[in-house]
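Attaching a single structure in structure tokens format; questions to follow.
Which chain is which? They are A, B, C, D and E, in the order written, and residues in each are numbered from 1.
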Amino acid sequence: MKPLLLNPAPAENKSPENSYTLGPLQSGPPCCEPKTLLSVKNLSLHYGDKPALKNISLDIYEGCITALIGPSGCGKTSFLSALNRLTDMIPNCHVTGNIHFNDIDLRAPNLDLLTLRRDIGMIFQKPVPFPLSIRRNIELPLREHGINKKSELNATMQQVLQDVGLWEEVKDRLDSPAQALSGGQQQRLCIARALALKPKVLLMDEPCSALDPISSAVVEDLIKRLQGRYTIIIVTHNLAQAKRIANYAGFFWVSERAGCLIEFGQCKQIFESPTHELTAAYVNGSRG
Amino acid sequence: MTLLRHNILSLSKTDQQLSLLLRLCALISALLVALILGFLLSESLPILQRVSILNFMNDPSWHPVQGLYNITPMLSATLLSTLGALLLATPLGIASALFSRYYAPPLLAAWYRRLIELLAGIPSVVYGLWGLTTLAPLVAQIHPPGVSLLTAILVLALMILPTVALTVDAALLAVPAAYHSSAAALGLSRWATIRSVIIPAAHSGIRSGIMLAAGRAIGETMAVLMVAGNVVQHPHSLFDSVRTLTANIALEMSYAMGDHRVALFVSGLALMLMILLLVSMSELFKRKEVYV
Amino acid sequence: KAKPNTAIEKLTLTGSSTVAPLAAEIAKRFESLYPNVRVDVQTGGSSRGINDTRSGLANIGMASRALKKNESELFSYTIALDGISIIIHQANPVISLDKQQIIDIYTGKIVNWQDVGGNDAPITVVNKAAGRSTLELFLHYFGLKNTQVKPHVVIGDNQQGIKTVSGNPNAIGYVSVGSAEYEATHNVPIKLLPLEGITASVENVRQRNFPLSRPLNLITREAATGIAKTFIEFARSTQVNDLIEAQYFVPVEN
Amino acid sequence: MTLLRHNILSLSKTDQQLSLLLRLCALISALLVALILGFLLSESLPILQRVSILNFMNDPSWHPVQGLYNITPMLSATLLSTLGALLLATPLGIASALFSRYYAPPLLAAWYRRLIELLAGIPSVVYGLWGLTTLAPLVAQIHPPGVSLLTAILVLALMILPTVALTVDAALLAVPAAYHSSAAALGLSRWATIRSVIIPAAHSGIRSGIMLAAGRAIGETMAVLMVAGNVVQHPHSLFDSVRTLTANIALEMSYAMGDHRVALFVSGLALMLMILLLVSMSELFKRKEVYV
Amino acid sequence: MKPLLLNPAPAENKSPENSYTLGPLQSGPPCCEPKTLLSVKNLSLHYGDKPALKNISLDIYEGCITALIGPSGCGKTSFLSALNRLTDMIPNCHVTGNIHFNDIDLRAPNLDLLTLRRDIGMIFQKPVPFPLSIRRNIELPLREHGINKKSELNATMQQVLQDVGLWEEVKDRLDSPAQALSGGQQQRLCIARALALKPKVLLMDEPCSALDPISSAVVEDLIKRLQGRYTIIIVTHNLAQAKRIANYAGFFWVSERAGCLIEFGQCKQIFESPTHELTAAYVNGSRG
């Protein structure tokens, strides 16, 4: 794959309007021929004794955008955490079932988690900038993954900050603490930080929740541009957004105190002709 | 960042009473320090009226009975042994804390932490005896006499290691868990997370630990007295026997009289000045802490 | 000093750290015989003992040396004898040193055991901290000044000295004969060197044959009276010989 | 919560090397503790073959020369002085930290913190001397002899106060700023915020500070030796003179021989056992920490 | 004012559908006769040298819902913080201008901040549950404000948790740590915590951003029920929501690197006939 985000932005790209372009669109595998990248089978997840997910099975298709929707507490975040094995870090969290990533067993005990998490990036629901400067927040993961040339670092940083529409707002204070940014700015910084690593799969936990419509649109555009080259799983409470950008959608619900997958399919089908009545109620009842 | 201190004017009634109480406590602490300083000063004053400060720096040697008061060899011994111990104990202590917090399996970590707490409670006499009977002969095999700056550094390092380890451990524990998961999600290795995120976040706790350890190393008496050799000289190598200021006070205070006694108080004062210097230096160090 | 009317009489002893532990043991036994007497023993060195006695801070002073000329107004009572022995490591082949050799070693003129018939190894000179009466006695006997001594190690008490020498095959030091003899016979690798041809032993100190020995004295400002007198007499009696011997001092022969 | 320790299996290469290194460091520390314990045990063993452990509890008194080895008076003295000092220093130290962090105006706070750091560096001999010449006469005016359990407690409390204050201060600093603003927005008074939010959040740092302080108080020798009076007895009041285990070792080790000496090592061992007990107790205390 | 939230919920209210009712609607001052409660004049705010707000003047009317909208980083959060004086706690933050609350000068240096903040409650953009149990999180502020009766505490807790639709989800684990809740659950807990104190004014910084449509609807209903009795200022990026619930709206924008108020007026007017072209562009361009 061509180093996509490392292309220094062409000079004419610096105007605010198109500051978040990603360069020319490249053809990825088309979305209409689904090729399974991640396959989840019978995934269950417990916190202590309390079940949080029960028997989830679904396939994530390469290059596609999959939206996960469902009420609060139904286990969407837990599901994402299981995919990049962040659940390993929660002391009383137990996962059972199978997850395969291109035939690699993601639940293998001797898996190299660093590579896994580089390949499967995650953006959290609550943005957590590190207690460092804005610049260091983005440089840190890059340096750790072997990119040390100053010019390359700077170019990447500018590119990803432009991609999320933050560059103009912070370009003259890159060395000030990231924790002094506003809520939406922190959210976008964290998205940029994850993008900089060019993961194969991007898990996004409500990336637009703290964003105003303008920034939200920027991020949405960005996600659509990534489609085909990145595989994206996005948790969103904004059903309209899910409808607009996703190729596939999954609907979670809490039944018997545990989250389960009610319906999974093409986005259009889920929103327009849901087979399950709960899904129908949820996608129609919303005032989103 | 201390956030609350900016609205001092609006305190609830409990808060006002409490503020008063705390102020009182603080005043008492301050007063006690002042008292101790005053005590040292008043005891030192008689000699400072007769003997110039310069004598303490320039006299040919420390033979207080003959009126020779050069304390610089002991100053350098104190400084060197403290620095040496800190150089050893700081990385080891931080490593200990990191090990028990992030690398050891939970059960081992719990036991290990208990071990370190035990180490923190071993009295200095025991350290001293152990150093004298076990460590010093070993050092003597490399280079006599065995009781030496090196032995003192080793014993001191062992004594202050738990101070560093426990303080750093507490600071690490206070780092928000979200930093760990965010760093992990970026594929940062554990070490990268620790080095670039956790240690900066726990910075002030680490600094406190080092300050406390330095204080303890400078002030330690019994153990150093037993293992340092107590010869008043500027050490030329790690194997030279040295006498620290505290050992000097402990060795000679019991029989010192007249000017000799006063000279010992002056060396106590010198010690305090050294600590003041150290504290100010660490403040400078803190100022440099920026977001880079 | 003691007030006869109060129920509890108090006796304060200060001074030599060599005498103090012995005095403390004697005091305990004394207290059990005289329940209305409290004896308080504090250490601080012979000079402090003499000083405190002079100033009246203490009823009785303790000194591990004879009175000097300028202290002759005080009264002293010998309760035990102590000798100082030169000690070296057991593995050291040297079996004796003469007075001049010891002086040369302590003043740094001889720095290698080879020069006194030992192995080719540097000598580690162990000296006592300034102000100890052991040091004063040692210096006085060899006619040295403390400024001339070139020590490698300075120690505070006998045990520290014995441990230092036993842990270092090339060390030389000096400590009380009593403790040295005890340790040497209890598997501690040290060796007591004879002085002027006389074996360093408790027996020789008792016989007052050993040249480097000293009296352990109790000191009073005026001739002892009252409870102080009773205590001193008790300390000099055979009733406390076991205590004296337990600390490897030598009881005086009355 | 220690999050990272659950995926021990996936370490990067640096991490693996580091893990090895840290394991080594930890092993060394553990070995050293074992060595010191072994040293104490091997020195104590001779007497334990002849004299039963019970003798150390039941003998009529501590007269080791006569073969009487009751160490309970010294155990109780050590325990009482440590507890007393902790009782004084813990609230004062926490108050100090709270004062400098949340109640003092910034400039005063900075100066105050420097003062506490200075206090941390004062050597124990100086504390001892001050206690002996200034504090003891004051105590004697209330009740002779002046050198007493009370004096020892006061001096010890002063010595460990900075340990508590600095460790707690570091722990307070690590509490996320968001807790402060959230609490303030709920109209919680500063004291309520501290009591109900900040202190629970900084709990482990406070515990560490107390542990360190306790260790230092138990192990302190010189200062206690100078101000406690050193009479071997169970104290009946605060004004009684007492002898702690460390003071006992320091006092008698210099001349003790044979069984007497071994008995001193046994008392060192007793000290370690006491510390072990303390550590385990504090573990229990930690277990009780729940979300209430 | 009648203790509104302390009415124990009637038994029939316990069914999940209407578990978040507030009891019968009471009449507050009607919104059509605006009575100024908070009056802000020439408010400017700086972080260090950097201006964040410039010359903001607006009136907040009693019993009404005022929505603040605008792009990320335009100073909405900073504005809210100035109203309850949380800005005092940010070391390098300087505020100038006037804020009056019922003729009380809120910028007076000797103001009792505890009472002020009890009267003007705030819900943060990022929810911050305290490191305590769920129960203690709600009880703590109540106890601090003098409510100590066990029964009263329990009743209030249940009521506010029902109000935000969280009761059913957490009622059997009230004593477990609040920080183990899901993102949306934490958000609702923080809203409940602020409600329990019954403030006169409620500052809500994107209260629904982490919420799924169902919970979002619950909170929206709640806000509407509070209208008339509470005065609410809500920052939201969801323009549709603002349109639905607000009586008044203010539009912030960044000009010359500082936030300023472009337009303020009745909600209907702002959304349907904005006078300023920026406002028009913003309210129409959004895909919210």
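The definition used in the following text is that contacts are C-beta pairs under 8 Å (C-beta built on N, C-alpha and C of every residue); 3 or more make two chains touch, one makes a residue touch a chain.
For clarity, every value in this text was computed on a predicted model and none was experimentally measured.
The chains touching chain B as well as chain E are A, D. The fewest steps needed to get from chain B to chain C, moving only between touching chains, is 1.
The fewest steps needed to get from chain A to chain C, moving only between touching chains, is 2.
Between chain A and chain B, the centres computed from C-alpha atoms are 49 Å apart. Computed centre separation for the pair chain C/chain D is 36 angstrom, with centres defined by C-alpha atoms. If you average the CA atoms of chain A and of chain E, the two centres end up 29 Å from each other.
Chain D has its Cα centroid 50 Å from the Cα centroid of chain A. Among the residues of chain C, those touching two or more other chains are numbered 17, 156, 160. Residue positions 1-4, 12, 176, 180-181, 184, 189, 192, 201, 253 of chain D each touch two or more of the other chains.
Within chain A, residues 89, 113-114, 126 each touch two or more of the remaining chains. By the touch rule above, chain C contacts chain D in their complex via residues 17, 21, 25, 28, 40, 156-160, 179, 182-183, 186, 243, 246-248.
By the touch criterion stated above, chain B contacts chain C in their complex at residues 61, 63-66, 132-133, 136-137, 140, 144-147, 225-226, 229-232, 241, 243, 250-252, 254-257. Those residues of chain E whose C-beta lies close enough to touch chain A in the complex are 47, 50, 69-73, 77-78, 125-127, 169, 173, 180-185, 188, 205-206, 209-217, 220, 237, 239-241, 244, 282, 285-288. Every residue of chain D that touches chain E in the complex is listed here, in rising order: 176, 178-189, 192, 196-197, 200-201, 291-292.
Across the interface of their complex, chain B is touched by residues 84, 86, 89, 113-118, 121-122, 124, 126, 128, 130-133, 136, 140-141, 144-145, 175-177, 190, 193-194, 197 of chain A.
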